[in-house]
Each structure stands twice: as C-alpha cells, then as structure tokens.
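Pasting the structures here.
Both complexes below contain chain A, partnered by chain B and then by chain C.
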Partner chain A sequence: MPTLSHFLLAVVQALALFAVAPLISGLSRFERAKMHTRRGPSIFQDYRDIYKLLRRQDLAPGEAGRIFQFMPVVMLATLMVIATGLPMLTRFTPISAVGDLITVVYLFALIRFFFSLSGLDSGSSFAGIGASRELTMGVLVEPIMMLALFVAALLAGSTNLGEIGIAISSGTVHSAAATLLAAGAFAFALYIELGKLPYDMAEAEQELQEGPLTEYSGPSLALVKWGLALKQTLVVGWFIGVFLPFGSATEMSFFGLIGGLIAFVIKLFVIFGVIAVIENSVARARFRLTPQHSWLGVGAASLAFVFYLVGL
Partner chain B sequence: MHEFLFINGLSGLLIITALMVILSKKAINSAIYYAAQSFVIVVLFIFLGAQTGSGELYLWSFTAFITKVLLVPFIMYTMFRRLDDGELGSGQVMPAAFSAIGAALIVILCYAVVSGVTLPSAENLKPALAISLAHFFLGLFCIVAQRNILKQVFGYCLMENGSHLTLAILAPNAPELVEIGIATDAVFAVAIMAVLGTRIFGKFNSLDAGKLTTLKG
Partner chain C sequence: MTPLSFFWISILVSVVGALASILVRNSDSTAIRAASGAGIVASAAGLVSGLSALSGPAAVIDLAGPYPFAHFVLRVDPLAGLMISVISLLSLVAWIYGLAYMREYEGRGVGGMGFFMHIFIASMMLVVAADNAFWFLIFFEMMSLASYFLVIFDQNDEAVSAGFLYFFVAHAGSVLIMAAFFLMANAAGSFDFAAFRETSLSPTTASIVFLLGFLGFGAKAGMIPLHIWLPRAHPAAPSHASALMSGVMIKIGVFGIIKVGLDLLGGQELLWWGVVVLAFGAVSSVLGVIYALAEHDIKKLLAYHSVENIGIILLGVGVGMIGIAMNNPTLAVLGLMAGLYHLLNHAVFKGLLFLGAGSVIYRTHTKDMEAMGGLAKAMPWTALSFLIGALAISAIPPLNGFVSEWYTYQALFAGALEGSFLVRFATPIAAVMLALTGALAVMCFVKAYGVIFSGPARSENARNATEAPHSMVAGMAILAAACVLLGLLAPLVAPVMGNIASATLGVPAVMFADGATLMPGEGARTVLSTPLIAVLLIALAMLPLVIHGINARMRATRRHTEAAWATGYLPDVHMALTAKSFAQPIRMFFAPLYAVRKTVSTVWACLTRGYERFVCFARRNEPWADNRFVNPIASGVGVAGRRFQVIQGGDFRIYCLYIVGALVALLIVAAS
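== the complex of A and B ==
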C-alpha cells in the first residue's frame, strides 16, 4: 500500500520528467547537429517550438471527430500515468499498481492505439496509411518486449518492475546469460519504440511513418510533440529501472533520493549519447526490412527464455 | 555455488558467440568472433580447473589459448581475407531469425537429453554439459544451413569446440596428451580446409557449395 510519501515521489517524478522531456529531445537534436558538424539549434529549441505552437490557432479538418481532438490529451495523460509507476530514482516502484510490467506494456499500447486511431479519424488518407504503419510497428515490437520482460519476471519471481530491478541489482537472479540476453533483446525493442533511425523518425511528421501527425496544428501539435519527447525519456527510464537500477535509492530517504537522481541523470545521458551515435551512423532502413530485424529480436528473446529454462 | 553459476553463464555466452559466428556476413568477421568464442572456452577451462581442482585443465587452457585463440583464427584470417564471393552474399539458407530460434530449439532438446542421464561427476554442471552438446549440433547446423564453404569450415570448428568442452566437463583429469591431440587435429584440419577452400575458389571463382557439381582437375 503506497504511503503519502510514495504518492509525492510519484507525482514529483512524473512532473519533473514532463518538465525536462523537451530538454532531452533538444539535446538529441543538438547532438545530431554536432555530429553533422553543423551549428544546430540550442538545446532549449524544443521549448521555444512548443511555446510558439501553443499560441497558434488549433485547426482540425472538417471530417475529424472526437478521437482526433482527444488524442493529444490521452497520450500525454497516459504517459504521465506511466511516469508515476516506473522505478527511476528508487529501486521500488512509487505506485506498485502502475509499475507492473503488463500494465506498462499495455499503457504504451494504449498510446499507440489512440495515436493510430487519430490518424484514421482525421479523414486524411495519408494519415491513415501512417496509422497502419504505426500499428504494424507495434505488432513487431511488442512480442520482443513482452518475451524479454517475462524472462526477467520469471527470473525475479515477480511481474513488478521494481521487484525485477531489485532482483537484478542484488544478484539473486540465478541465470546470468538469460538476464543479459533478455536485457539485450529488451534494449533492441525499446530502441525501435524510441522512434529513431534506422527504423523511424518520431519528429518527422511530414513522413509516412509519423503520418497521424499530419493534420495536427497549434496547441494539439505542441502537446503531441511534448508527448513524443516524454515517451522517449520514459522508454529509456523504463530500461534503466528494470535492467540498470544500480545506484538508485533502496529506501525513501532524502540523501538516497538525491543519489538516485544523480545516478539516473548520468545513466540517462550515457544512454542518450549511445543512442545519438547509433542514430547518426546509420542510414534509414526500408520499412520492409524492419520485420527481418525485429524477428531477430524475437529469436534473441526466445533464446533468453530457453536459457532461463535450462538454468544458465 | 557461485562458481557453478559462473561456469553455466559462460557456457551461455558460448551459444551467443557461436550464433555470431554463424550469422556474420563475412568470413573474416566470423574468424574474429571465433577467436572471441575460443577465449570464452579458455576462461571456462580455467574456472572448471578451479572448481574441480584439476591441474591438467590449466594446461589445457594454455594450449587452447595458443591454438584456438591465436593460431586457428590467424590461419583463417590470413587465408580467407583474399577470398570474396560477392555473388553468394552471406550464404545463409534461412533468415537469421530462424537460426536464432533454431539454436533455442537445439539447446532445449539437448537439455532434455542431458537431464535424463545421471552423471555423478557433473551433477551441478548439467546446463553447461547440455550447452556443450548443443554446441556440437550448432556446428552441424552451421554446415547444413550454409552454402558458403568458408562458413562451413567454421561449422567444423564449432563442432570441435563443443566436443572439447564436453571432454573437459566429463573428464577433467584426462592427461594433457589428449588435449594436444585435439588441438593439433583442429589446427591441421583447419589449415587443410583453408587450402582446399583457396584451391576451389581458384578453380571455380566461387565459394558456393551448391556450384561444386562438376569435377575439375
């Protein structure tokens, strides 16, 4: 049963992530510009973009329905719910009911569902095709994610993300090879989920892949952009919470939380640095190539499951 | 207990490196992965030696390091570097994902076989034993599921690594002479196969096993 301080922690970490998400996406834009030896925008550019869009008029196509209007709010709200449940500063989940692996996977699926539905609802055929691509991507990624997390859950004996993280960090999982392989497969699935090259480009709303964004404008587009930035941060935080909980606070204490915060920020920076290197050193893969790659991820995850069964 | 965990975990790493050998596109990259895999085997021998208290295994790990980590990959790297068949591509018969899932199935099957056998000397190392058996079949799988003759040589090496590990687990006190027999066998076999591969490439200008249908002097 979560106490008041757990609730406070959950709300604070969700709001803090919400506040810094554009900074992190701005940072990856900045890194990309540096790797292209361009000057590039400042790291605060995404805040400016969002501020500018928020003051514009909100236009919707005549054919668009309610779903189209609700989607940005639903997306952001769901992301905030996920943010309250993930173990980030601490090893345990602040609100354990939300920090369950099945809940989190399906909350992400809910976002995807509304995202594609809004594309269909906008009445634009271009957005409709983009929506179908988005769903195809979900079908390819979710099996890897689920299988890898189930292996970790079986090893830890619990589906709670915090419990899995605690088991991994304390070394009570009796299967090193399975854990490592599951972590690798999960990282791969999350990389696709991040929406980065070579599979996707989350900020390219002119392209087919992010087609559902085509008809958005003004404040709605601002919210969706904010949501996408928050989603990228959360996805990385999810990986940190489950497979890299080292350095996080083990109990609720002021200094523990400060230490956890510092460790979390360092891990976030390192991971986004690695992502930037990968993202900027690959060309875009053809969409039809993605299933071949994702099946390899499924293969790795099933090998991890076998390693668990064998007891390696 | 911790040692067993480590040995079993390392043998899991063997399967992963074996898959990398099988799936890598170029034969010279496979040679590098093969060296990495042999290094894992060397470390495994050292841990097995510490666990069983067998002095022979340390000697084994030393000779295995010389032959398998240095000599065999060096031979393959220098010989295979000059052979390149652009037409053949990776030479895989099936998609990479199937290979990974196939490896998973092989491991499961071998575990089922090993768990039915009672072995007092290797009771805690059954997962590692299953892996060593699976490794042998993974090598066979590499030969069957590959049309590139150079990659088939790697299949042979994987089979050989698997049998080497099986021997180390089941007979940790076997004399060094056995080990030298295995190691020299591996080196000469690889050298002969590399020469054969070079000759075939010289005659046919191809590395595709499917094209070796005519006799040419």
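== the complex of A and C ==
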C-alpha cells in the first residue's frame, strides 16, 4: 500500500495533468500553426472551446443509450487513474499498485472499450465505423506495445514501470541495443495511439479518434475533448516515464519534485515539437495500409527481443 | 468428512431429481419444478462440499464396488474441491435460470431435458472426484453421453449433425485417454490413481502417456486444432445447458490435463511438455478470438471465445509444468494458480454471457445478432449483466478476468526471467499472443454488445422484446455479482487459489496477497490492487461529474432527438452497422488466419467424408460378404441336406437293412 505522501503526489499529479491537458493540446495546435506559417489560435484556445461547449445543451440521438451518456465520465476517470500510476515527476510510480505495465495497458483498453462502444451506442452508422476502426488500431498497436515493454521489463527484471525507468536511467540494463530498439518500437506504437497524421487526424470529424464522437454535443463533447487532450499528454508522459526518465526526482523531496517538473515540461515540449514535425511532413495514409506500417513496429520490437535473447 | 457427506447428498439428490423429472414428464410444469427444485438443492450441497474441500487435506473413501480389479475410490482434494465448487455454482445458477427458461421447451420433452441435465451434472461431479482410472472413464463417458443428448435436444438437422460431430470427437478423445490410463495401469499394476502416483515411468513412456492424455483431454477442452466440434455443439444445446458445457464441461478437459500432467505423472515432467502446452495455448487463444470476431451467431461467437479462454488457461498450466520441470516450485505454483484462477473466472463470465444470450434469444427467437439491436432499453438488466460479463471476459480492470490474466502475464514474465533458452524464447511470445488476444477480445465484445443492445431494433421481435422473467434475471445477477466480487476481492481469492495450486503440486505455499495488494510471489517487484483501482475510479469520476453539473442550471436540459446524423438522409434500419461490417477490417487484415480455418475445416470435412464413405463401404460390403460367404454356405448346407434326405425314405425295412449293414461293417473293422 502506498504511503500518504505517495498518495498525495499521485492525486496532485493526476489533477495537475487534468488541469493542464487543454493547454498541452493547445500548445500542439500552436506549434503546428507556426510550422504552417499561420498565426493560429492562442494556446488557450482549447479552454475557451471547452468553456463554450459546457454552456450548450446536451443533445443525443433518440436511440442513444446509457453507455453513450456515461462514456465521457468513465473515460476521464480512467485516464486520471492511469495518471496516478505513471512515473512522471519521479522515477518511481506514485501508486505502484496502478503502475504495472500490464495494468496500464489494460486500463487503456478499458477506455477503448467504452469509447468505441459509445460510438455504437449512439445509433449512428458513422460513429460505428469510427468505433470499428479505433478498435482495429488497438489490435495493431497493443501487441507492439506489449512486446516492447516486455523486453524492457525483462532487462529491468520487473514489470513495474518505475522499476524499468530506474533500471534504464541507472544504466543497469546490460543490452543497450535492445533497449534502444524497444524504445523505438514503443514510441512508434504510442505515436499511432496519439491519433496524429499519417494514421489519424485528431482534429477532423469522422476520422478515427473523433469518429465515435459524431453524435456528442455540448458538455459531453467538452468532457470528451478534454479526455482526448489528457490522453495525448498521458501517452507522451508514459514514454518519458519509462524510456526517458532522466532528470526526474529519485526521492520524495521538494526540490527534487521541482527539478522533476522542470525536466518533465522540457521533455514534453521537445517531444511535442518532434511530433509536430512528423505530423506536418506526411500525408494521411490509407487506413488499409496501416497494417503494413505496423509490421515495422512488430519487426523492431521482435528485433529488440532477439537482441535481448542473445544479450547484445 | 464434511466434503464427502455433502458430496453424496448432492449426487443422491441429483439422481432423485433425474428420476423425478422423468416420472412426471407428462406434466411439463411439474417436471420443470421437480427438476429445478432438486437441482437447486443438489448444487447447494455440492457448493458446500466443494468449498469445504478447498483448504482441506484430501478426503478419501474406498468403497470396494462390484469389480475386484477396480475399487470405487473417491478423493476430494483441493483441486477436486475447486472443480466441484465451479460445477455446483454454475449448475445452481443454471437451475434457477432454467425455472423460467425451460418453459421455452414445453411440449418438447422437458422431463427428458431435466433428466439429462441432472445426469450430466452428477457425472461431472463424479469425474472430478473419482480416484480410479476405470471409474473415471465410466463417468467421463456418462458425461459425454448426457451432454450429447442435450446437444441434439432440438432434433433439427443442424443439432443432429453437430451432435454427431461431437460424439465422434468425444469418443476419439476417450480412446486416447483410455490408452494413456492403460499404459499407466500396466506399469502400476492397478487402476487406482494412488498407484499411478507412486509409479515412475521411463521418460519415453511418460512422454507418450502425457501426449495421449494431453490430446485426449485437449479434444474435450476444445483447444485448437481439436476444437472443431465446440462451435457447433455448444450453440445447439439449450442456453442453460450451453452455459454448463462452455462454463464447466470443457474445464473437465483442462482438469484432465492437470491431473495427468501434474498430478498422476507428478515430478516426472520434461521441459518440452510445458512448452507444448504453452504453444497449444497461445495458438488456441489467438485463433479462437479471431474466429469469434467473424461470427454473427451469438452463441457461436461465445463458443469460439471458450476456445480462446481455454488457450489462456493452458498458458498458465504450461508455465506450471515448466516450473516443475525446472525445479522451480515458486514458478510452478504461480503458473498453475494463474490457470486455475482463470478457469474459475471463465466459468463465471462465460456462464453469465451464455445466460445473457439465452435471455436475448428467449425474447427474439433468433441466434442471429443481425436480427437483434436496441435491446438495452427493453431489457436493461440483461444488458447490464451482459456488459459486466463482456468487460470481465475482455480482461478489463478491476473485474475478475483482468486479475487472472495479470497473474498469467506475471507467470510468463517470471518464466522468461529464468530458465533455459527455449523457455526464455517461448514465454514472451506467449505474452504477446495474450496481448493480441486481449485487444481482439475487446473488439469482439464491443461488437457483440453494440450489435445486440445498441442502435436501432432490426426485427419485429427485437422491437417488441421485454425484460426476461425474474428467475432468469436472478440467475444472471448472481453471476454478474460473482464477476465483480472475484475481481474486487482478489486479495482474498488469490491466496486460496495459490493454496490449491501448491497442494496439487505438493510444494510449499507462495504468498500472493498482502492486505489489499496482490503480488506474484514473495520477492516480486511489482504489485496490483484491484480494490484500490476501483476506489480511485469511483473517486476520480466525481470530478468530471461535477464539471458536467456546474452549468446544468444555466443550460437547457438534456434532449434525446429523433435520429442520428446520416449525411442528411433519413436514417434507415439498413444503414445501421452490422456485426459483419464491424469486423470487416480484421477479416481483411488477418485474411491468412481465416484461410487456415478453411483448410482445417476442409481437413475435418475430408475426415467426416472419409468416415461417411467408410460407413457406406461397410453398408455396401455387408451384403457382399453375405452373398459371397454366408449365403453360399447356408444354401450349400441346405442342398446337401436335401441330397441326404434320399436315404431317409420312410420304409422301415430299408432302415433295418441299414442297421444290419452297419453291424457287418463294424464286425469287419473289429476283426481286422
């Protein structure tokens, strides 16, 4: 069981991420606009959108059911639970009972379950196709994620995300090539999960991530938008926590946490910059071609596994 | 002697119930009440028996029985206790559910259904408790036969042909099991399992015994490629019987694999046995769920998921065998415990899903999901139970399916950390297969729930559906509650499962829980806490709820408009997403794997066709042999008889002449 200070850290971390998530997605929009040499919206635009939506009426199709109604709440709650388990400011996981790699992967599956089901539950065929595609992406991504993390966990000797990060940052993993390849494969899988070009267009309606949202409106839509922003932040934070833990606090101390926070913000900023570059240099890939790309991820993760086996 | 006495009560009540439901078969409603009443009492007694045996030392009773070569020995050890508890829990629920559900079959011999259900359940209980190979086989056959009659209950072409396939595979499996037992009996000099345990075989013989047993019980368990009967036989049976078949009977196959591989051959395991089990498990889990995705018959879909979950259970059992072979008792207990936990969980959620499917079919009178839709509003309790079952089978935390899959992952991980190259190579691949299975299962159950319970109603029956009768809802509610409790109370359940595993393997216990946290063994560096996750989920859900509620006063109230957006056209029922179109991307991406199924089923079709040809051949050749051998001899004898009749003229003087002739002939012989 976590101590009180760990528990406090976890709750603060989850609430803080929840609070700044629209800012981070605004930042991502801002960086993208700069690359287009557009002025673009302010980085606070997403807060304004959410505020506006919160004042509107909640509309739903006549056939929509309870799952459609409650999905936004389930999604945000689960995302915040994941946020309590990821090592972000610290090397260790704030609540280690959540910070197991298998638990985190399956908590994301919980979100995917309700997110897609809400599409079907809305009664709209378009949302249903979005749901089907969203789940298909999950099928392509999850094995890559699991293999890459499994290799890293084998190198570290534990499936706890914090332990993996500690082992990588302290250099006790004895196979650098395997670690690098696993990191690459994991980054690739997470990139697909982010819902950015070329695999998805998070901002476009009727695309994968927004597909199941076709029928959402008003405050429900506000919550889901908020949830998507939080999900993107968490996905990047997950990568940072496991493979780039450098600079985060090794112990629970005030200055350590401040240092960890600064390091985390810098890493987040850089990674979103890289994402913006990728996003702006590719075109949307056809959905049917995604498996051909994801084989690349499977290949990289398998190669990492082979390197681990032979101990390179 | 509590376990055994309650065990006997349960068996006796079952037999009485079976006879009673046959005796009063002329009145359907009395037959239903008699069968279900006896069934509820019998399974309650069975539950007490099973639960009290969980912690126990094994209770053994040796009744000599009528055969001197095979004593009737019953042994209720913790493993048998677990199986008895699972059987009893599921049959208790099935009987409660059956009170209303069996009325669907009124006028079609409900008495017979009650009879076969009772025999089926009682023989399953006796199989897991029997401690003698001969009696084990007798009860195993009884179980197969009784379930065969449940499969063909509908009497239509599909049911009869499915039943035939089932009969065929079940007996092919029995033959292999028999061969395995005879090999062991030959070495042990007795049919008693106790003697089997004492005997050690040469590694070659042990391997042959193991493979025979593994394939024989694997056919019963429905692992790929011996699964072919399962998706046809389970859907054909009445839903509460399919819940028992999928929830419990196929577990007897897993039980048999554990019994042969880890109990009877205990300590003689070779490393490659475990790897073989692991390989079969991984393939079964992935292919099972992929084939499930392509189904739009709800019961077939669930049956394919049984194939998948048997695969997941085998992953745990495989690690258990690897652990014993590597002399690593902690690993062995972890693996077996993961398998047993998943066995229990799968029984609960698969039973629940089959009962849910049964309720839906009870109202819509079809198994085709495409003809359902929009049932969540008409059947809210069924929908909620089905949703819980769907979440549990998709291994969504914090429900029970997740806990056992987490332990399975941890067992695979622990196996990958230490061990020979083969094990280090095989276990992570199995883990990735499990991840793929998990993602596909999520997709499959989103589809199942979405197509059945969401969207527009796609048929007249679906539009007019109402909630299922009370006793059916009660049956589902019990299992739904069990899904939640087995997940949230995992810190209490896991140590019990661990004790069963270590008692079965005969090694010291391993620590699986501390307070509210779960862990895979003492020194493990990772933990899980389902109660904590549940508390966090509920607590953190308050925040979005509050945000959603803040402005509620300022805006107009929630409104459900007429129709969903359909690019400006009026939405039409035919526009609604179907089960087939939902799974289309997967069928496209995994086309080669579906091609494998076609090949496998062609092979099976060839076998079946070959068998039919053989029967035809036999039928044709039976008269041929008659014509060529039997008839000529018979008519030859007749002809000869008629020829000899000539000497029997009827004139007594000629007879006297014969006597004189014979006398003279004898005298000549005696003189010479």
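Quick note on the criterion: the second predicted complex is superposed on the first by the 308 of 312 C-alpha atoms of A that agree within 3 Å, B and C clash if a C-alpha of one lies under 4 Å from a C-alpha of the other, contacts with A are read in each partner's own complex, and residues count from 1 in each chain.
Keep this in mind: a contact is a pair of C-beta atoms (placed from the backbone, for glycine too) under 8 Å apart; a residue touches a chain by one contact, two chains touch by 3 or more.
Treat the numbers as computed from the prediction; the structure is a model and nothing was measured.
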{"item": "Partners on chain A (chain B, chain C) - clash or fit", "value": "fit"}
{"item": "Touched partner set for A:Q13, first chain B, second chain C, both or neither", "value": "neither"}
{"item": "First (chain B), second (chain C), both or neither touched by A:L309", "value": "both"}
{"item": "First, second, both or neither for A:S28, with chain B first and chain C second", "value": "neither"}
{"item": "Contacts of A:T90 with chain B and chain C, given as first, second, both or neither", "value": "neither"}
{"item": "Which superposed partner A:A300 touches (first chain B, second chain C, both, neither)", "value": "first"}
{"item": "Dominant toucher of chain A (residue count), chain B or chain C", "value": "C"}
{"item": "Angle, in degrees and to the nearest 10, that opens at chain A between the C-alpha centres of chain B and chain C", "value": "90"}
{"item": "Which of chain B and chain C A:A64 touches, first, second, both or neither", "value": "second"}
{"item": "Touched partner set for A:S248, first chain B, second chain C, both or neither", "value": "neither"}
{"item": "Chain B versus chain C as contact partner of A:T233, first or second or both or neither", "value": "neither"}
{"item": "Superposed arrangement (fit on chain A Cα atoms) - minimum chain B/chain C Cα distance in Å", "value": "9"}
{"item": "Those residues of chain A which chain B touches in one complex and chain C touches in the other", "value": "305, 309"}
{"item": "Partner chain A, residues of chain C touching it in the complex", "value": "374, 376-377, 387, 391, 394-397, 402, 405-406, 409-410, 413, 416-417, 421, 424-425, 428, 431-432, 434-436, 438-440, 442-443, 445-447, 449-451, 453-456, 515-517, 524-529, 532-533, 536-538, 540-541, 543-545, 547-548, 550-551, 554-567, 571, 575-577, 581-586, 588-589"}
{"item": "Parts of chain B lying in touch with chain A, wherever the complex brings them together", "value": "5-6, 8-13, 15-16, 19, 95-101, 103-104, 107-108, 111, 127-128, 130-131"}
{"item": "For the chain A and chain B complex, residues of the former touching the latter", "value": "174-178, 181, 292, 295-296, 298-300, 302-303, 305-307, 309-312"}
{"item": "In the complex with chain C, residue positions of chain A that touch it", "value": "1, 14-15, 18, 54-67, 72-74, 76-78, 80-81, 84, 95-98, 100, 102-103, 105-107, 109-110, 112-113, 116-117, 119-129, 131-133, 135-136, 138-143, 145-147, 150-151, 153-154, 157-160, 163, 214-215, 218-220, 223, 287-288, 291, 305, 309"}
